[in-house]
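Next come two complexes built around chain A: one with chain B, the other with chain C.
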Partner chain A sequence: MNLSLKIWRQKNANSEGKFQQYDVQGISEDMSFLEMFDVLNERLINEGDTPVAFDHDCREGICGMCSMYINGQPHGPGKNVTTCQLHMRSFKDGDTITVEPWRAKAFPIVKDLAVNRSAFDRIISAGGYVSVNTGNAQDANSLPIAKDNADDAFMAAACIGCGACVAACVNSSAMLFTSAKISQLALLPQGQAERAMRAEKMVAQMDTEGFGACSVTGACEAECPKGISLENIARMNREYYGAVLSSK
Partner chain B sequence: MSWVTKTLSSSLGRKLIMAVTGISLILFLLVHCGINSMIFFNDGGETFNAAAEFMSGNWLIRTAEVGLMAGFIIHIADGLMLWKSNAEKRPVKYAIVKGEANSSWASRSMGILGSLLLIFLVIHLRHFWITSRFTDEITGGHTTLFAEMIETFANPIAVIIYVIGCISLAYHLSHGFQSSFQTMGWNHPKYTPFVKSVGLSFSILIPLIFAAMPISMYFGWIA
Partner chain C sequence: MVVIFIDLEITTYNSLIYLINTKFMSTMLDAKIPSGPINEKWTDFKSHVPLVNPANKRNIEVIVVGTGLAGASAAASLAELGYKVKAFCFQDSPRRAHSIAAQGGINAAKNYQNDGDSVFRLFYDTIKGGDYRAREGNVHRLAEVSGSIIDQCVAQGVPFAREYGGLLSNRSFGGTQVQRTFYAAGQTGQQLLLGAYSALQRQIGLGNVTMMTRHEMMDVVMIDGKARGIIARDLISGKLERHFGHAVLLCTGGYGNVFYLSTNAMGSNVSATWKAHRKGAFFANPCYTQIHPTCIPVSGDHQSKLTLMSESLRNDGRIWVPKKQNDTRLSIDIPEEERDYYLERRYPAFGNLVPRDIASRAAKERCDAGYGVGTSKMAVYLDFAEAILRYGKGEANKQGIHEATSEQLQEMGKGVIKEKYGNLFDMYKQITGEDPYQLPMRIYPAVHYTMGGLWVDYNLMTTVPGLYALGEANFSDHGANRLGASALMQGLADGYFVLPYTIGAYLASDIRTKAIPTDSPEFVQAEIEVQERINKMMSIKGTKSVDYFHKKLGKIMWDKCGMARNEKGLNEAILEIRGLIKEFWSDVRIPGDTDEFNPELEKAGRVADFLELGELMCVDALNRNESCGGHFREEYQTEDGEALRDDENFAYVAAWEYKAPSEFELHKEDLVFENVKIAQRSYK
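Showing the complex of A and B:
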């Protein structure tokens, strides 16, 4: 496959960025999108140019590091895929592919396609943990958990924190991420001790970081590589309203 | 800052305000549509005028009107402020956005649809509410609301404005109805499909009935 790439190049957070066009030849349709970038970067290095900076780690779709906004969609076309699991067979020979970084005030650009997502870490630090001593692993039957709750908590815990929800949202809202993190703990017995405090603090931190409000467009759910459901946002709303009404 | 102010000024609180006022305005639309539909009796506006008179003469309704106005003002002001602050959360825009791949057009255009509705609301209030509440009282109340409608909708431009208003309302409601339930935390696999279908039917039916009023009056089907 021969492709034309329009890639956002930006030296650092403070410099002006612009699109730069690169033509790549001989791309196999079995390559992942990131492997195609590796081919381009090898060439750029050999030519003495600066390679395109982009985030990546496991390349197995589970770490949440890759973060490319491809042809107007986070992680490109296709359902439930991260950029590293997106294969070149999703494109046609001769295509022009536009690649941008996640764009949000709360995710400043580090370089080219790499953005700083530490705002997510600070939301977690605000309350996305269990600090009470839960002890050693117990006998499975000593902590009864309803199957529905276990399933919902598991689905919420599937969030890899990649930020595609923020990137997809017209308001750059982080509610799908925050609600998944609140939900996974609110649904399990270990999370009860700090349940109310958690919802209040994590929402407050989310607002402080400069993420937008939710318009319920559902774009986050549709673009989430892990299929995190909007039901989590409704749960977060209930958790939050309940928390502010009952906290002392 | 008190906990109430803090909560209502948070991103979740501001959306809750939109949802609660939105639902109240939906209830108002139901009453408004019900009363106005009395023109379809086609009895020269007799039933409709009697209902309109009852509404304007009843102190309970007049008191509720103050609440309604507050609902409108809060919904509009909060909506515009949210629109502005949400837009600021992405200072550098994307070159390409494939919105249709992940969301409905109405859900992404609530600000524009709301602004169209605001323009329509000003025109609509000038046509009927100001006339019936103030101008008529000053001039001695010689016209009925029905006569006012017939006169207004003889003008094709007014009819077009009202039809555009109704279309904007339909799209605004098609997203607003169900999303207000989600914002209030009411999302459940059993009830959400029901809420969505009621919302969709409401958003088609109510604007359709409203749009039928100026159209039928313009063509003289109701006189």
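Showing the complex of A and C:
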């Protein structure tokens, strides 16, 4: 199939960007969206042009590195799919596809479609862990955990930290990301000791980074490639208010 | 000594070079394995290894390159102990390392299932699975610490799968007859890495680890014969940086991307270990590569990577091909009696759960013989129909439904399969457009893991003092074939429980060394050399993209150093790679500038190293005149096509020293088996 691409080009964080149009021919429907970009970049290199910079690594939907805003949707059309797993059979011959980077104050653009998401790492550093040094652990089966809780914790822990939730949100809020980690640890007995402190610190860090507030539009859940549920945000709010009220 | 049969005039010269290069073998390598009975070595070692006191730890700096399971766990554990740690990764966050993509599980000798597991059995299975080419001392230690890994991960909040009673669930993996694999759906690597990452982020937050993301290690800095730091490139600004460390840990994964198409991430590369190799670290068993039997087949020339379907699927999936050659019927139209479940037929004792090397070769054998399926005919079926029915009946019993219709059984069975492997089934559907709940998966082997790596001693130190290799980057634990669910175990064992002890043996004698300023001549010189190489590459301004060379190399490696190798092909491959190296350095085109974010420049540096490694892999494969594990030399096989080892001549680790371009010297470490009786591996 032949396609028209409108791609955001920006040399670096300090320069101005703009859309540029490229036509690509002979795209197979078995290609992934990123393989279509490989074809484009190979051509640009051969023509002496600068290839489009974009983040990607595992190309199997789990590392969370790929991050394209395609036709107004993070990771493009289709539910529960990352850009690298989006295949060209989701498009038709003659389509025009607009591709932008994640747009959020807390995710400055690095180049073209690549952004800086280190704010997420700092949110985890603020409290997204259980403080257990290597060697401190007791026998794994000495702590039975109800299967339902374990399963719910797993569902929350499935977050890949891609940032689609932020890109989808009108407020650029990081509530879904932050709440997934808070939920995972709040649901497990291992997370109880630091529960209140964790909620307070992670929420504070989220605000410091410049992410917006949540107005419960649900866009984050709808666009999350791993189906992280809005329930986590509700749980985080409970955790947070509980923590603030009991704060010493 | 290598014996080379010369059948092409052109190979004569090169073959002779190997003869020359391998003639002067140095002294045997000393792995520094502690003496004493196998089950006391590690305990005894820990009790006597020199310690560094807490005050001194604060003044000792350790560089950790790579933040996968091995790197993140080592960086976090060392920081917890009080060392000053600097960690590096080329991705935008340490959480993205390719360990994240590991699917099926992690082994541990917990014996929670009461099915007869023990440390010895895990040790034995690993040695046997590795086709008797791994080091006993290291493997036993791995089995010993395996249980602590599960404890540590659970304590961190890793949500492993559980039974209704709240206790941990297990499943089986290839090459074992017990259930010792812990898992979190098909995302075990993700959950374990996020556990290690959270421990690392905690230490970063506490100021004990300085994290440098989007940084690539460009070289090791050597001072007075010791590794004392690295030159790194900030991938955003393109600036070169100098970093000092009393010791340097390479936790940079494997080199499967030398084949271009593999299950590795796009960025996975050999550059850190290859740079170390060029600075004196021996590279061990480079030809041992693991071709994983269950991957989604190649669909066209555009393909950039291959996707694994976890080995755990072989717990429930049955592998088959039609009994008739070139059968064009749909899978579901082929009746039961016309299907050949060839693994169950050839290996009744282990059936579909034979180790990976055996399952891969068996699939290749069937496809080469004309029984393959799908449009390319290079695929076999992995079928869940029977498992769906079996689970459906189980669920019906649980729910007390005695006369369930077949639709109900199907429905309930699919529910169970979804819970176990849901994400894998979704992934398969996204990539192929086919629904594996309705039709069997089509699968074919693909490059997945590399057992070879930097040679390390018992302390995980390479032949360069102060330079360590952990996880897939070293060679020590998996021999010639790794068992499923053992990579996660080894990465975390090295990082959490081995290196933090063994590094004391080196650092205890280094407490008087003050931090070396990075304006010292060795650092300056190392940076100049890195800069010159980058400039040289950028100045070529040729006509071919980096990918052109990578794809060409990949094809040579897959055709001639892949699932089956022979002497003629390997000799040809060496010549072809040398030609490709010349072409690369005269005709590669790298767009953009050095002082900006330039992914093509990053790729070029990595492919240049892959080219040199490719040659060494072929040299090693040519030297090893036997078949073992993932290394299958067509000249050496039994009558029924199994790998034929030569224990008399090849029960050694081949550790190669870099002398000059295309010139490598062989050193040997003899493998001694005192606790496992060396035998022909049989899964029949």
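Basically, the second predicted complex is superposed on the first by the 239 of 248 C-alpha atoms of A that agree within 3 Å, B and C clash if a C-alpha of one lies under 4 Å from a C-alpha of the other, contacts with A are read in each partner's own complex, and residues count from 1 in each chain.
Operating definition for what follows: a contact is a pair of C-beta atoms (placed from the backbone, for glycine too) under 8 Å apart; a residue touches a chain by one contact, two chains touch by 3 or more.
For clarity, every value in this text was computed on a predicted model and none was experimentally measured.
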Looking at A:193 after the superposition, I want to know if it touches chain B, chain C, both of them or none. Which is it: first, second, both, neither? neither
One more residue to check, A:128. First (chain B), second (chain C), both or neither? second
In the superposition, chain B vs chain C on chain A residues touched: C
If you stack the two complexes on chain A, which partner ends up touching A:72: first (chain B), second (chain C), both, or neither? first
Once the shared chain is lined up, is A:1 touching chain B (first), chain C (second), both, or neither of them? neither
For A:215, is the partner it touches chain B (first), chain C (second), both, or none of the two (neither)? first
Give one of first, second, both or neither to describe whether A:230 is in contact with chain B, with chain C, with both, or with none. first
Contact residues on chain C for chain A in the complex? 73, 76-77, 80, 91-96, 98, 100-101, 110, 112, 148, 150-168, 184-185, 187, 190-191, 194, 197-199, 201-202, 204-205, 211, 213, 236, 263, 265-267, 299-300, 302-305, 307-308, 426-427, 430-431, 433, 496-497, 500, 545, 547, 589, 591-592, 596-597, 599-600
Which residues of chain A touch chain B in their complex? 6, 17, 19, 69, 71-73, 77, 98, 100, 103-106, 168, 170-173, 175, 203-204, 206-207, 210-219, 222-223, 230-231, 233-238, 240-241, 244
State the interface residues of chain B toward chain A in the complex, per the touch definition above. 3, 7, 10-12, 14-16, 82, 85-99, 101-104, 107-108, 110, 175, 178-179, 182-187, 189
The chain A residues in contact with chain C across the complex are 11-12, 28, 30-32, 34-35, 38-39, 42, 44-46, 48-51, 53, 55-65, 80-81, 85-87, 89, 110-111, 114, 116-118, 120-122, 124-126, 128-141, 143-147, 150-151, 153-154, 157-158, 160-161, 184-185, 188, 190-191
